[in-house]
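Lettered A, B, C, D and E in written order, each chain numbered from 1.
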Amino acid sequence: MSAGYGAADVVHRISLDVAEGEIAVVLGANGAGKTTTLRAISGVLARSGVVQFDGRPMPTRPEDTVRVGLSMVPQGRGTLTELTVLENLLVGAAVRPRHEADADVEKWCGFFPVLGERREQKAGSLSGGEQQMLAIARALMARPRLVLLDEPSLGLAPIVVQRVFAALADINATDGTSMLIVEQNADLALRLARSAHVLEAGRLVASGAAADFLDDDRVRSAYLGGR
Amino acid sequence: MDVLVERLVAGSTEGAVYALIALSLVVVFRGTGTINFAQGEMALFTTFVAWSVIARDLPVWVALLVATASGFVLGALVERFLVRPVRKRNDMAVLIVLLGLFTVFNSLDGLIWGGETKVLASLLPNGPDDYVALGPARIYGDTAAVWIGTVLVLIALTVLFRCTRTGLHMRAVANDGEAAALAGVRVGRVLSLSWGLAGAIGSAAGVLVTPLAPAQLSLLTMLAIFLSAAAAALLGGLDSLVGAVVAGLSIGVLEALVIGYVPGVGSNLSETTVLVIIVLVLLVRPQGLFGTKKLERV
Amino acid sequence: MPSTPVAAPPAHLRIDRLTLEFGGVRALSEVSIDLAGGGIIGLIGPNGAGKTSLLNCISGFYRPTSGDVTLDGRSVLDMRRHQLAGQGIARTFQNLALFGEMSVYDNVAAGAPRGRRRLRGVPGLRPPGTGAAERDAVWAMLERFDLVQHARHPAHGLPFGTLKRVEFARALMARPRVLLLDEPAGGLTHTEVDELGGLITDVVRDLAPVVLLIEHHMGLILSVCSRIVVMDSGRTIADGPTEQVRHDPAVISAYLGGGADLAAR
Amino acid sequence: GGVTNDAAAPAATGEAGTVSTDGCTDPDAATAVIDDAVKVGWTVPLSGPYAGVWQQITDAFAARMALYNEQGGAGGVDVDFFTTDSKLDPEIAKALNNEMIQKDGADIVSSTGTGQVATMIDDAAAACVPFIAATSASGTYRDAATYPWATLYLPSVQLETSAIVAAIEREFPDGATAAVAISPSESGTVYADAFKASAQGTSVEVVEEASLTDPNAAASTLKASGADVLFVASAAQECLAMTTAISRIGWAPQVYQNSTCADRSLYEPAGAAADGQRVFKYEVVPSLPEFAGTPAVEQYLADAASQGLADPMSNWSVTGWTIGEVYADLLTAAAESDDGLTRLSIMEAARAQDFHPATFIEGIDFDTATGGVTGMQPFAWDAETAQFVLDGDPVIVN
Amino acid sequence: MTTTTTPPAPAVAGAPPRPSARRLRLVIGSTRHRLLVLGSWLVVALLVLAATGLEPYRLGQLSGAVVIATAIVGLNVVTGYTGLLSVGHSALLGVGAYTTGVLVVQLNLLPLITVPAAVLTGALVGAFVGLPSIRIRGLYLAMVTLALAVAFPEVLRALPEVTGGNSGLSIPLRFLAPPAWTGLTLADRPLWTFLLCLSALLVSMLLVWCVLRSRLGRDMRAVRDHEAAAESFGVHVARTKILAFTISGGITGLAGAMLAMYVGALSPAGSFTILKAIELLSGLVLGGVATQLGPLVGAAVVVYLPVLLADVVQGQGSGVLFGALLIVIVFVMPEGVVGRLNKLWRQRVDVVPRGMPAPVADPP
């Protein structure tokens, strides 16, 4: 797959595979094209090449990719700022029957109690971390079979990061939801993931089992820092 | 006293006219976050269509239906093929496209129907004796039609925005199309629907309002009404249905009172006076009377 | 970045019983912090604790319900937002607030301290030397932040991490006496965070500002801060030297969570 | 020089009223005999809201000129008529007018609308090109001393309003109170001002005025004044609005409309409400029984048909045709003058024009010396037959 | 589950980055750059010289376009560089034009002497109109300025003693003749008017160029891009907005004075309605928002396109065609003609600003 903005490609002919029920992580420096990759898969950006989901071609528009079972937590501000927290969650359930939505709203308000307290508050007035929680909860409202998470830990307190990652592991275990995670907190992500990929200047330069990466010195020094 | 009642009724009827068009502006704004500057001219076009239908000896309500339906289609087409491709690039581009459309539709009306003033029949009878007395004032059929239309549209839209998923999705799309799409909202469909709906409301309004317009059905009919309606939509707050109606009525009544009770300035500078008042209100409440303040968090 | 040491004594920023309410929500309640000693002070706390709100009060974006913020004994709350820059207060934003259409160069240059001459830059009106001096300072800053190759690119469209650097560079251009950093490490890779830590320490050495650093990246906090203030639900729950605060059980349970290795990151 | 400009010799103006070529950019061109074709160029709105009206006027004028050419033209010289679209924009009008004069070599130009006429008239004078039968409501250009190279077709608004005031005085010998409804347009205010000026010093007292922006509000206000007479100073689009509005609040004063409204299509839809309203005209109304049989109208209809004019019964066709009458008359006179057909002789002929256009109502003439149209014929609307009826004799003012 | 496949690609380590397309390197201040600038000025001078040789009516049309260009240069200051949408510039144009008109007609002043007054009133009214922009933003501000556009003709009509009301003002021809010291005669009036309008345009463009280079210019763009951030870096937002409106009003007032001299007659119904405001705005967008040459191209489009179209279709059809063409241009060049050209230029030429540190690797 290739993708980019305007005439120039930013991501060049990359190939990767996320197996059913697998958690994969994408690492890479700033501007490597991680966000671009996710946006192209979910259909926000135009792409060339082949993207398949369950062996069938992945739709090219985001509203359709959601319908086949994909959800994305965009990088940074992904919330509908002028809508309330509750409305944000309900929009997240656009593809689900209405009665199921209400139950899930309760579930996520329970998981992130702040969201429950701020139900009627405009999403835009939430703190950065609260908005990030809302974005994650909204993406999961669609009960996707594959979630793309673009730096989910961004702006979250360490304690919340742990809870979110635990929850992701939990969802993955119980529902078999696959995940493709872009994360700067590589250490944490690699522990969660089974496979890992490294992007460099828009090219896939390494792929393999997450565990190998944790032990790989080269990767360690580049992304995890010598500890 | 009688004169006051007459003025109030006249003013609020004029206001209902503005309100009806303003409501269609609010629908587009809530669904897509833009103002449709060509709304008035699109409505004029379909009103001419309605006139053609009546000229074929069909009843007015058929003409109303035809106009409403064609307004819906026109709105949706304009959105899909003219607005959507430039919407993401910038606001200014959308503005110019709409102003271009404004010119196209007005000229097209002239090209197809000629420039002469035409008379459009009213949906409800509006002959000299077809009125209900309201104290000293009389409510004629055409007036009643506008009033009823405004109330019905207000109720229908309120239900749409308050109680349906579609209404929620419209607001989501207006707020951030990409985020809405990622949540599975069919953005294209919602955009078309908003514009179609607005087109339909505008067109129905055109048919109801024209019998009351000073210029009847001519190329000038809608410009003045549209400007006042746009003022009403802004005064009320671009995203507020109730605001559009309240502001529309206020502007109508205000105009009537200024003309009636302010000597000198009233008849010469009535529009200016009303606009100055609106600007003053906006200075105090920049988001309009009922509009929600846009959030700015850093 | 000219590294002339600043002779003036470090700024004295004091936050005094600051309370901020939004309708029913109390974002800050009676927060008092005295940043007399200067240096780099870490501000941490769970999401929604009120950290950004506190920064917003200092930099004039929010008007507190009660309490005071003083800089060298003068209240900054009476000042208009644009006057604060003149007082030497500069900040970065949690969610980026760059001038999107402007080039990276112009973004950084916009941070430059403002003389009284608004028409500086116009031929004939330019006081000799200043134009070139500012230009060189901006280029030096861009070089230091490794932004030279992006200098002529408009800010929008650049990667998140790069933009974070632009913001930081812009704030430094102002040669601030008080530097407020809101999650500068967000979205940076580990190596970049390390570099950022180095930059922040450098800045303190050069300019000796008071730095208030909000960060969830504990690694950064622990490596550069001499003192940490911890907030929760609008209150300060801990305030003290780094080593003391990081082992405070209240902090661990409210913010850091159990994983010991996380606390070390 | 000082701050003010007191340079003498205004361009192209000689003695009061006489036409001279002093100050023309090219005096020789103004006195050169025209022997190929008289080029007549009009800059009028052919797009926008008034395009329909002007299409009819120019079509009828073109038809009249074609007839003139068939009949031998100006001493054997044909009229070559062309138009451009002013788009109601003074700058566009100015540019196109200059293009007509300089590039197309127009011998006569004309236009409509105060703003457009104002910016073109000096250019034409500077080039010594006659500006003939302009249709502007502003009477300024009637002043031959300042504008020796221009004439107007429309009667002065004062002429009409003084005729109206005279008619009111006749109807209310003991004096009357009048209310004025004013369209927020140019012609509206011009008419209203003229009416007030005409009423000055008569037994007609203007007691109230209101803007037509909102006809219903205006109706309430004016009704409250209890005036005997309502004068509606409107532009064509709004003629009906006041009629409906006053009938709805049950007010029935004697209504006078201005001549812009004298069109059946504007009255018919108002039904009984419009009955008895008065309006003044000077051109014939071919559809009226009073005129239908007259030789002049018969001739007009036959000629129009021979030129294939689409809608000869329309007011606007009659207007265009009549302007054609004016042109034909003065071109013939110029061709017969001692100097032959030149721009100067055309202008001199225009200045001296005094004749009865065939499509004017009997008794009313076109006399440039006294300002053009010399009188006005009152009409009343008869709702039952849906026709205007003659209402007494023409009021000759000039 | 998700498979992203492409034809076989190298497993690890991609190909070296493609060398970027050859670009011409142009260092500001270098001899090559100086020559280029000199050359451009030479071309401009030649064009002006060629223009003065045009037939008078063509020169007239050109003057009209130059006046509109000047007005758009003014509009660009607020709408382009400061991001404040104004639909009220027709009124500012009118203020300038009527200042000149009234002073000439009522006080018999020489038109040239009235120019500073027109600039001043334009600037004052501009500043006044700018006041609401401190609080009111976006489309709401567009509405406020639109109110000005709608109210202006009404106010003109309401003050007949000063403005001549509906009939407007006609500036007698003798006032518009070239002054004796120029050595031009009345017949040369089109040339004189053209040179006057052209000077006004050049002065305005020079002013804007200076403002853009100054800190004020940077502040304006900062306010446009992010008001809050601008403020926290010391930009006095309110003052910047008002200054922008003042400068813009002054330039547009100047354009108005030129318009008065070119057209020679002013009336409320003509050049100062909302339609003129729309024309200015269209010109700005078509030429290129926030570009220095955009107003020139935009003015040429809005002034000449209708004239050219008139040769193709007459009557209402021309309106349809004009509207359709506006839409097409926006579709083809959303960033405006000059915006697009700038982009192409940057792709081919690498302009290196003064003081940039030694060459570095091309951006990734």
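By our rule, contacts are C-beta pairs under 8 Å (C-beta built on N, C-alpha and C of every residue); 3 or more make two chains touch, one makes a residue touch a chain.
Computed from a prediction, not measured in an experiment: that's the story for all the values here.
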{"item": "Separation of subunit D from subunit A in steps, with touching chains one step apart", "value": "2"}
{"item": "Centroid-based (C-alpha) most distant chain relative to subunit C", "value": "D"}
{"item": "Far-end chain from subunit E, centres as C-alpha averages", "value": "A"}
{"item": "Centre distance in Å when subunit C and subunit E are each reduced to the mean of their C-alpha atoms", "value": "39"}
{"item": "Interchain centroid distance [CA atoms averaged], subunit A/subunit B, Å", "value": "43"}
{"item": "Intercentroid distance (Cα basis), subunit C paired with subunit B, Å", "value": "48"}
{"item": "Sequence positions of subunit B contacting 2 or more other chains", "value": "106-107, 110, 115, 268, 271, 297-298"}
{"item": "In subunit A, residues with contacts to at least two other chains", "value": "31, 125"}
{"item": "Contacts with 2+ other chains: residues of subunit C", "value": "52, 61, 93-95, 97"}
{"item": "Interface residues, subunit D side, partner subunit E - complex", "value": "1, 3-7, 9-11, 23, 25, 46-48, 51, 55, 83-85, 87-92, 94-96, 98-99, 101-103, 113-116, 118-119, 121-123, 125-126, 138, 140, 184-186, 189-190, 193"}
{"item": "Footprint of subunit E on subunit C - complex, ascending", "value": "59-61, 80-86, 90-91, 93, 97-102, 105-106, 109-111, 113-114, 117-123, 125, 132, 135-136, 139, 142-143, 148-153, 170, 174"}
{"item": "Sites on subunit C touched by subunit A in the complex", "value": "22, 25, 44-49, 51-53, 94-96, 157-162, 183, 186-194, 216, 218-219, 254-259, 262-263, 265"}
{"item": "Touching residues on subunit E, where the partner in the complex is subunit D", "value": "55-57, 60-61, 64, 67, 107-110, 113, 154, 157, 165-168, 170, 172-175, 177, 179-180, 186-187, 189, 259, 262-271, 275, 303, 306-307, 310, 314-319"}
{"item": "Parts of subunit D lying in touch with subunit B, wherever the complex brings them together", "value": "47-53, 55, 182, 184, 209-221, 223-224, 236-238, 240-241, 247-250, 265-266, 269, 271-273"}
